[in-house]
Amino acid sequence: MIEWAALVALAAFGVGVLLCAWRLWRGPDLVDRAMALDTLMVNVIALIVTWGIWQGSSVLFEAALFFAMIGFVSTVAFCRYVLRGLIIE
Amino acid sequence: MADMLIAALLLVGAFFGLVGSWGLVRLPQTMQRLHAPTKATTLGVGGVLLASIAYFGWVRGEWSVHELLITLFLFLTAPVSALMLARAWLHRERERVRATLPRPGAPGVDWGTFQPPPEESGSGAEPRR
Amino acid sequence: MRMRSRWRRWVPHPAVSLALTLVWVALQNDFSAGQWLMGVILGVVVPLLLRPFWPDLPQVHSWRTAIVYAAIVLWDIVKANVQVAGWILLRRPETLRSTWLVVPLRLHRPEAITLLAGTITMTPGTVSCDLAADGSALLVHCLHTEDAAATVAGIKSRYEARVMKIFGEGDA
Amino acid sequence: MNAHLPILPVLIPVLSAAVMVALSRQDLVLARVLSFIAAAAQLVVASLLFAAVGEGEVLVYRLGDWPAPYGIALVADRLSAAMVLLTAALGAVLLLHAVCAWDRRGRHFHPLFQFQLMGIYGAFLTGDFFNLFVFFEVMLIASYGLMVHGGGAARLTNALQYMVVNLIASSLFLFAVALIYNAAGTLNFADLAQRVPTIPSSDRGILMAGGALLCVVFLLKAAVVPLQFWLPGAYGHAPGVAAALFALLSKVGAYALLRFALVGLGGASLAALEPLAWLTLLAGALGVLAAPTLGVLAGFASIASIGVLFVGLAGADAARLGAGLYYLVHSTLAGAALFVLADLVRSVRREEGDAVLGGQDFAGRALLGGGFFLAAIAAVGLPPLSGFIGKLALLRSIPVEGGAGAASWVFVLVASFLLLLGLSRAGSRVFWKTQGDGGQASHGPAAGGVAALALLLAGTLVWALVAGPALAYFTQAAQALLEPGAYVQAVMGAGVYR
Amino acid sequence: MSASAIVALPLLGAILPPLFARAGRTPALLAALAPSVIALVLLWGQAAAVFSGVSEEVRVPWVPALGLEWALRIDGLGFFFASLILAIGILIFIYSRGYLAGNEPIGTFYAYLLLFQGAMLGVVLADNLLLLPVFWELTSLSSFLLIGFWRHLPDGRRGARLALAITGAGGLALLAGLILLGEVAGTYRLSELAARQELILASPLAPAILALILLGAFTKSAQFPFHFWLPHAMAAPTPVSAYLHSATMVKAGLYLLARLWPVFGQTDAWVAWVTGIGAATMLLGATIALFKDDLKALLAYSTVSHLGLVTMLLGLGTPTAVFAAMLHVLMHATFKAALFMNTGIVDHETGLRDLRRLSGLAKVMPLTAGLGTLAALSMAGVPPLNGFVSKEAMLAEVLAARWGGGWPLWGLVALAAILSAAYAFRYFSALFFGPLRLPEGRLPHDPPAPLWGPPLVLVVAVVVLGLWPGVAEPLLAAASAAAVGAHAPWPELAPWHGFGAPLVVSAVAFVIGAAMVWHYRALSGRVLAWALPFDGRRAFFSAQEWLVRGAHRLIARVHSGVLGRYVLLLAVVSLVALALGWGMGEGWRPQRAPTPMNGLSLIFAGVGLAAIGLVVRWHHERLRAVLLTGAVGLVVSLAFLHASAPDLALTQISVEAVTTVLLLLMLFFLPQHDAEPVAKPRGAAAVSILIGTAVGLLAWVMMRNDGPTLADYFWSRSVSEGGGSNVVNVILVDFRGYDTFGEITVLGIAALVIYALLQGMQEGAARGHLHAWRFPFTLSPTRHPLPFAVTARVMLPFLLMAVFYIFFRGHNAPGGGFIAALLLALAFLIQYMASGLSWTMHRMRLDAHVWIGTGLLVAGATGMAAMGLGAPFLRSAHGEVHVPGIGPVPLASAMGFDLGVLLTVFGAVTLALVQLAHLGQLVGFPPGRTPMDPARPKPSEKEG
Amino acid sequence: MEILFAVLIAALTAAGIYLCCLRQVFPVVLGLSLLSYATNLFVFVAGRLTVGAPPVWAEGVTRFADPLPQALVLTAIVISFGMTALLVVLAIRARFESGAERSDVPAVTDRVEVER
């Protein structure tokens, strides 16, 4: 049952990734694209964790942690660029 | 029983994750779409992380709570991401949006995106440290 | 008194140190004495190392309120998630009545403002978008609301009041 | 101490540079003192290493005490020890020029200089081709740093191109490493040599695709036609002291090619490169005629010398290969001398810099003119400097019967003639065609630079005088390349520690 | 031994005159004379032995493998030439003391002359085929310096280059010829060649060898068609012309012909070419000489003519002709050197050398006129001067020659004799006799002794050798014997042989020659037109100009500076290499079963491919492109994650984040869009697709290929010997820790270079451009939004915990020093972004340089600790340390190394990013005062 | 799965080389980033594809990915990161020294201002 649920979850998040990618492509605004990438990251984190359940391995945990952190840094840096140009001032 | 709980958590997570992403595609305005990531973040990832804790604890007998750290980070960062994205959008669209926004209240005060903080206004050049 | 001040010099924020210790042990997934010791050491050392990076760190005045607040927020997240999912899935997007809300703030501590803004964002349906230049109000985008004033009032009573209490800002 | 000889040339510069970085970000005096101490130590160590392999021993140093091919092995044999000594000597000499002219014009000159040396030593000493990649990168990134030292639009933009081209080359290097590892399952030259015969013919395509690609990378570093395009712009605009050190950099490419093709691929001959060597000679010589500045001219002269070198390396016999290696040392000294000279001219001529044009008279004209005369003699390969012996040795080793041999003769001689034309034209313009009496007004060339130039030129003379033993040494080194049995056995067999 | 001294004295002595020149001109002269005089004494100390046929030899091995040795041999031929070189050299040195002006660097001049002298002695004494070209080229080089001595004269500069080019080219040919000669002969000793004549002539290479050697000899001795460099070499100071370009250097070619005469001298090719070229040169030189008004040009062409004459004699193939040749070499050296010195005096005194503007000088400079007239008469072959003696001998030999059937050649020679008489007569008659003509304001008179002494000595020799030619007999006999390799019945040397055909020819020549001078005006215009259509110098320089321009055009195309072309070239070469390499294998088939694909990988591959495509399509929309590159990086790290490489995924994703920050920082300083309309380079697209396809195919092949790997070794020893279960990390810090050491060095260097580059922008052109530049978009006025700043503060300690976690577990699970360092850097980066540069920087304890330096030292020291214990660098140790109350704590020395990695990487990343951000302060971004905005939030009045 | 990796590598390589051919520096930087992704993947797959078996040793595990290429790629990533950072700064400096952001330079035969 877990396996089945995990499969469904994988599919759902996979579709989520595709939806985010669509938004990344279409835009129309830069902010939309950044947002899409941010959401894509969130989906990826969910996928990694679900994948870990499916595989029965927690070796991928750090990866999920990193994606959580790094997605944030990229998004914030990008917004800072739009707002202030120089991201470290 | 544990299996069912885990499966349920997974499915709940999956559902809200998908809804969030779907919102990103379907909602017509940028500001509306900004609501999507929080959905995917909170219940979407949250559900999956809970499922993971439960799975490794109950099914495999390796209790681990380090997934909570991911949640912690996500809960810490998601609001800032959203705020910065919103500000970026407000800034880019300022010509159009600024007039339509409600004002903060006090006279002469505007939103941070458009107005420098009180400490900064008035002083053109700042002394170097 | 003397003892206490010396102790406070090394562990100015026991809550932070405790949190870090817990995080360490959780990360290790190893609850042995060694890891606890290591966690305590890091829990003391890290805040000391980072002291310059967080000047005037506030104390939590009411732990009880904090716990209650956390529970309420969690519940609201679940509730609002369902609600918003319904809007996204079932309503035609054009019928959503998205509006901007202004939430005037009684808070003045940066940490408190941040906590409130974060709460608003994390509960689906509302996103904190900006802070007034002087910090006197939050700009919130609401995905769908019938009654903007009621929503603002809800935020203020349900969240802001508790945040004030947590940080002891009642008299501000 | 003696047991650690192969690692010391790498450790001394990196640790001294690290101390400089940690302690002396702004303290130039300390950096200079450390730099000279390091240079002296390197000379001592390199000499000891050279002495230690004099009888043909192959010193193998297993890093981390892991056996090859699992760990990385450093290998010092006749060839690599000689290259290390050459590097140490060149580095020490150029330091004289650096402290008088360059180290004040930007930050971190001395650490970068030491890192540059470290990279070169590492590349010469390693017996592992991924490690070679790493040290290539150390070498390259330090070279970017030295290349942009002092700034200026032309220098910066040319350095940018140099960097982009080399980054692409680094990618190609990694592609090649991957292919070779996939087919042969090893990263070690000696191990590869052992395994190549056992690789099934079906998998040879993978191996050789990697091998050929690796050769492309080395040929690019060596600036062999058609991959010579990057050199004159990059070296010609680089600070003189850096360019002079870079005279060695392109030789690292040639060295690596030899090691890889002759040892790694088990006796693949480089004969196919002979036509490229001819074109390289011609391109270098024509470039010398066309060069607008002495710096660019020195760059093209380097290309020409690479051509001569590869005429030698294209041979499959020890005499010819040995002659090529002898010439390699010569061309490093001569190329460095030309670059230093161009730099000195640049530093004393106000208006014209190092342009190949006449102009105002300048202080030190006679001195620099004399230096140019000798450097040109060295570059063309005229007596009594070592270029002549090198060319002589090379021509003697190439049988003139048969088309390729005769063509090599013709190209070497014709290119020499073109170089003679180009260099005499440039020299007469810069040092003879002067007017006015600017000589008194301007300051003369810095003493350190002149000393470095004199030492380099004296080096070519000494190299000619000791040509007998030197040629014998390199012929033996070449023999070892052609019959790498001892090398392979030393690396793969029991070493110092295991 | 004295042979070495004879050659070495002038070469080493060359450093003396510049030193002594500070004391004055006469000390310089003495310093120059000393080596030559000693060498001459040493040489003549050998005279008795040489005349009796014994040669002195010196052999010191130099490069045995090549056959190159320091081999000198004094035999008759060498002795003869060496004597000439030294004797005339001494006279030239004395003469130069008077000739050079007081302000000219006479020390340098003597140094060059001594170098030349030594080189020339080396040429004639060398007994090694490879040593000879060493000295040969040295004579060309010293000649170059001497011709260009007056560097302010354009003619001098060009003449020097011309001479160097022609003789240098010849030298290269000669070198080739001599190498082959030695190869064929099996010996590189000149003295052993004669014995191997048959072997040499039997070789198929013999014609080529002869051609190459003749090319060397003919260029050096200014034979047609290479003669043209010599007159232009006359731009040199006159002592140089007298010494190098008439008496000695140009005779090096003749010497060489004489030297190789025993080998080739009687072959048909030799006889035909040497005689033919010699005769042609003789006639051409004489013709032109007659019509030159410049005294030095006249003498130069006459020298060409006389060199042709000697060449012709050497070509005749008979021993007696060789004797005649040697005779003429001697005679010519004396009278021609005297004539050059004479011209030099005239030039010195009048400032002119033009026969059209000078005449009647005998009236004011009688001594000069007398010397000049005698020398010129000798050149004309008038008895009883020495020129007559050698001309007689020459005519006799030609008459006896077999080549050209005797008479045709004879006719040519007679014609040359007529012309030669004519120009010689013209020299002295037009210059010294007739009405006095002088340039304005000059009052010439006979010069001081240093100027007239040396020519006087030579003219005395002219007379003595003319009257008693027998005194030179032993010298010439020895020389000829050495040249032909045998003693022959040498012609008798006498001032008078009675009446015979040669005398008739001479007499006729004098008459016609005198008549030609008499009617010179009528003659000159007409003959000049056909005799001088060919200007060698102009042809040479226009050829060179053409060459330079062609080279320029070619090089400009090849080294165009267009990066795109370079990249494509590299790509094409790589493609070719891949194809060639792949072609060496055969019959590869997939060997491993494919790994099953799943939907997720399809999705991500699709996303990745789309993102790649969009980066290419939108590269000009830079911000968008950065975002999409981030997406690509995400996909790549997921690929690593999926294919069992969590360490790679972690590294890739964290590098990705830092890179994004870097690119955004970069974009602040660059335009947001590509400046020009984007042209689509089709060629680039095609090549890119090709190489992409090739690389992709190879990747596929590798994945489906089975082969040996090293994996099992690492797997089985990682824990037991490396002390860690994360094999990748153990490889990084232990098995291949040396790679990692190099890698962190690279990163450290990168940071240092970045620092240096950015510091350098505060001056020069960059500073100006930087100050003029403004970020083109309106900025939001708030720097550090409060919620972001607060969140960053909250995150920092937790991130630090994560750093410790990742660092400590790296040896056993994904993580390690590098990843920890990146995480640490990101933690502070967040702080920098949230609270600003100066606020954060002032809270960092240490300068990033210290981190980098310390990190490298820590890593190095960990590795070196092993060396102290007698193990190689980076030998690791691991084990468990029992800590009371905690239990066993696993420790590996590699952790110390990993700590070095962490420090270096953190320092490098921080230094790079912070310095880059710092630059922003130069473009109107003064540092903010507050770490968050608003710094003191105001509660809302309405509510409060 | 191999096909997907191969296609990804091919696309990265092609796009990377193509962008490197353009006349401004920024696309070249992007191109080199893509090329370095391609390189890293290429080296990685030299150790073949292994799904679900990371090279972390544990008792009884016998199926594992080849750790060596992974270690090599790690080194390569770090190096290429350093290089990218340097290239970015060099590009900025060059742009401000010369006043323009171009990937070309004058032909080597053209005489440019002397840099001392």
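Structural remarks
In this document, chain identifiers A, B, C, D, E and F correspond to the written order of the chains, with residue numbering beginning at 1 in each.
Here, a contact is a pair of C-beta atoms (placed from the backbone, for glycine too) under 8 Å apart; a residue touches a chain by one contact, two chains touch by 3 or more.
No experiment lies behind these values; they were computed from the predicted model shown.
The chains in contact with chain E as well as with chain F are A, D. Across the assembly, the mean Cα position most removed from that of chain C is the one of E. Comparing the CA-atom centres of all chains against that of chain A, the greatest distance is found for E. Taking the mean of all protein C-alpha atoms as the reference point, the chain centroid lying nearest to it belongs to D. Our note on geometry: chain A versus chain C, Cα centroid distance of 23 Å, whole angstroms.
Centres computed as Cα averages put chain B at a distance of 33 Å from chain F. Chain centres here are Cα averages; for chain C and chain E they lie 74 Å apart.
If you average the CA atoms of chain C and of chain F, the two centres end up 41 Å from each other.
Residue positions of chain A touching 2 or more other chains: 11, 17, 30, 34, 59, 65, 69, 72, 76, 78, 80, 82-83. Shared contact sites, meaning residues of chain C that touch two or more other chains, fall at 23, 27, 104, 117-118, 128, 131, 133-137. Counting only residues that touch two or more partner chains, chain B has 15, 22, 34, 41, 62, 64, 66, 69, 72-73, 76-77, 79-80, 83-84, 87, 91, 104-106, 112-118.
Contact between chains, using the touch rule, shows up for A-B, A-E, A-F, B-C, B-E, C-E, D-E, D-F, E-F. Listing the residues of chain F that touch chain E in their complex gives 1-30, 33-34, 37-38, 40-42, 44-58, 64-68, 70-75, 77-79, 81-86, 88-93, 95-99, 101, 103-110. Across the complex, chain F meets chain D through its residues 16-17, 20, 25, 28, 32, 35-36, 38-40, 42-43, 45-47, 68-69, 72, 75-76, 79-80, 82-83, 86-87, 90-91, 93-94, 97-99, 102-103, 105-106, 108-116. Listed in rising order, the residues of chain E touching chain A in the complex are 599-600, 603-604, 606-607, 610-611, 614, 623-624, 626-628, 630-631, 634, 637-638, 641, 646, 649-650, 653-654, 656-657, 660-661, 664-665, 667-668, 775, 777, 779-780, 782-783, 788, 799, 802, 806, 813-815, 823, 826, 829-830, 832-834, 836-837, 913-914, 916-917, 920-921, 925, 927-928. Residues of chain B touching chain C in their complex: 15-16, 19, 22-23, 26-29, 31-32, 34-35, 38-39, 41-43, 62-66, 68-69, 72, 75-76, 78-80, 82-83, 86-87, 90, 100-106, 109-118.
Contacts from chain C toward chain E in the complex involve residues 16, 19-20, 23-24, 27-28, 32-34, 37, 42, 46-47, 49-50, 52-54, 104-111, 113-114, 117-118, 128, 131, 133-137, 156, 172.
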